[in-house]
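Multiple structures follow.
One chain, chain A, links the two complexes that follow: it is found with chain B in the first and with chain C in the second.
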Partner chain A sequence: MRKKGAEKILAVYWFAILLIVAGAIAYMVSSFYGNPYDIRDIEAGILTDKIASCVGDGGYLREDFFTPDFNENFLEKCGLTLQTEDTYGWKNNQYYLKLSVRNFNSFDDPFLEISEGTSSLGDFCGLEGATNPYCLKRSFYVIDKQQNQYQIDTLVIVRKTEKNVQ
Partner chain B sequence: MKIKNTKGNILTENIIFIILNLVFITILILFIFSRISGASLLEEKYSKQISLMVDASEPGMTIYLNMEDALKTAKKNNVPVEGIVKIKGNLVTVDLRGKGGYSYSFFNGVKATANFDTEKKDAYFFFIR
Partner chain C sequence: MSNNKKAQIGETMTWVVATLVIITILAVSIFISTAFLNKYKRPSSSYSQAADILGSESFYSYLLTNNQEGNSIYEQLKTEDNLNDFNGNLGVSIFKNFYGKEYNDVWLGIIFSRTLLPAKSNAFFDNHPSSIKGGDIYGRVSDYVLDNVILNEDKTINLYLGDKN
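Entry: the complex of A and B
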């Protein structure tokens, strides 16, 4: 009788352990697959590459780079659009990009800045937390056909928090 | 007689115990698979993947994307496979359940069109102009 009672108690413990293990697995799977895929880092990387490709032309700075037409119509000239879907109250304000151009051989402030999108997103850069917009800063060196050297710093910010982070 | 009954009880208990365990594990595996291969998850995965593909593309490209699992899910849900991927402006929508689907936008200013591969029937191809 004692042995049988002990077996019953063991069986209860066994099921309790199974329930705990199953609960833990279910929780882990739900929390992992319940979160959306966060692709903002890839988006920001591609956008940075697109900007760099647009600014360069055959290894040199494109000839119309310093013209007002290029600066005023930067998105159109580079074949970019910052329009987003109208969900979660988004009103085409999910991106920000900025180019700062300076002479490579001096530590002067940038002599030209081009920016597009929602500048207020820049306030979140440097803050910790996945729910903040994703910021990507890159720099590249470029020369024009007169061999003048420039450094171009890019800042790309992608928000789209609701669709990438829960 | 008593000894025989006891042996019979032990066997029955063991069988019930094993069956319950198997049922338990089966439910757990089904739950995990339903989470991993859910239609909503596939909609999100493919709409984001296609958006990134278009973002990284250049005019003149044609991109093939194998979507076997998504097409199977669409068939299971009686959704016509020819129309599960739609690109309107710069918005990619993947719908595998006939409930509107999941949309994600791309920033590349190209014109992209989605076409079902009618020969292989397991992929979509995208023309970038």
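Entry: the complex of A and C
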């Protein structure tokens, strides 16, 4: 009789241990795989590449680059969209991009700037911490058909913190 | 009776110790997985980057740039064996200035296809990174992007951006 009672207690004990082990494994797996990968640098890189491909045309600056039509409809002309999925309360305010055009090898201020998106994201550039928006600054050299040389600096900022960093 | 009780205590102690060992192992595993492995995750950077679009745009514009006589750098390099002052200095101010912080190896120069040492060193970019660091038979050293433009059947102009930071 006493032996039967001990076996019951032992069965409950084993069941409890099994639950603890299973729960711990589930917690460890979810804590490791539950965090998202941060791909904002890749996203910003792709946007930068798209901008450079759009502005350049076979080694020359595209001919309509300095026209008001191109500057005012930059996103449309380059086939870009800064819309985001409707989650986390985002209201299409997760991106900012800016092109600054200056004469090559000059230290003058840019004579033309084109920007789109949420400019306030720029306040976070230079700050430490993964939860800040990701900023990517790059430059390239381009000439026009009249052999004028330009330096184009691109700034692309991607926020999307909720989806990439937790 | 006394011996039976001692045996029971011994058996209970065994189970208590076993339980403590199991819980300790689990606690250590959870601590490691949350404290060390559960960090800010980024995709692996060991993939080979296929191209650097901004580098390519700069490279093609560079080759189309004319000197004061109206000869493009492409035409100059076709007839000359190495970079000259005009195209070498322009290359430095474009490629080292723009991409030197992003890549540890920035090299621009002429590659001859029919010589023992194909990459010709120049005064502006020194030696090809593969001649310093080794590399495979194609001169590839780690992660790199390459732009080539054929100048004639013997030589190409080569922009090498490697070892990305």
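Here is the rule we use: the second predicted complex is superposed on the first by the 134 of 166 C-alpha atoms of A that agree within 3 Å, B and C clash if a C-alpha of one lies under 4 Å from a C-alpha of the other, contacts with A are read in each partner's own complex, and residues count from 1 in each chain.
The rule we apply is simple: a residue touches a chain if its C-beta (ideal position, glycine included) is under 8 Å from a C-beta of that chain, and two chains touch if they have at least 3 such contacts.
This is a predicted model, so every value here is computed, not measured.
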Using the touch definition from the top, say if A:L112 reaches chain B (first), chain C (second), both or neither.
-> neither
Mind working out whether A:E43 is in touch with chain B, chain C, both or neither, as first, second, both or neither?
-> first
Return first, second, both or neither, reflecting whether A:I20 touches chain B, chain C, both chains, or no partner chain.
-> second
Should A:L80 be classified as contacting the first partner (chain B), the second (chain C), both, or neither?
-> first
Quick one: classify A:Y141 as touching chain B (first), chain C (second), both or neither.
-> second
For A:S31, decide between first (touching chain B), second (touching chain C), both and neither.
-> second
Residue by residue on chain A, keep only those touching chain B in one complex and chain C in the other, then list them.
-> 36-37, 39, 42, 49
Which residues of chain A touch chain C in their complex?
-> 13, 17, 20-21, 24, 27-28, 31-32, 35-39, 41-42, 48-49, 52-53, 55-56, 58-60, 105, 130, 138-143, 147, 149, 154, 165
Report the residues of chain B in contact with chain A in the complex, numbered from low to high.
-> 17, 20-21, 24, 28, 31-32, 35-36, 38, 41, 44-45, 48, 51-52, 55-56, 89-91, 103-105, 107-110
Hey, which residues of chain C end up touching chain A in the complex?
-> 15, 19, 22-23, 26, 29-30, 33-34, 37-38, 40-43, 53-55, 57-58, 60-66, 93-94, 98, 102
Residues on chain A engaged by chain B in the complex (per definition of touch) | 11, 15, 18, 22, 25-26, 29-30, 33-34, 36-37, 39, 42-43, 46-47, 49-50, 75-76, 78-85, 87, 95, 163
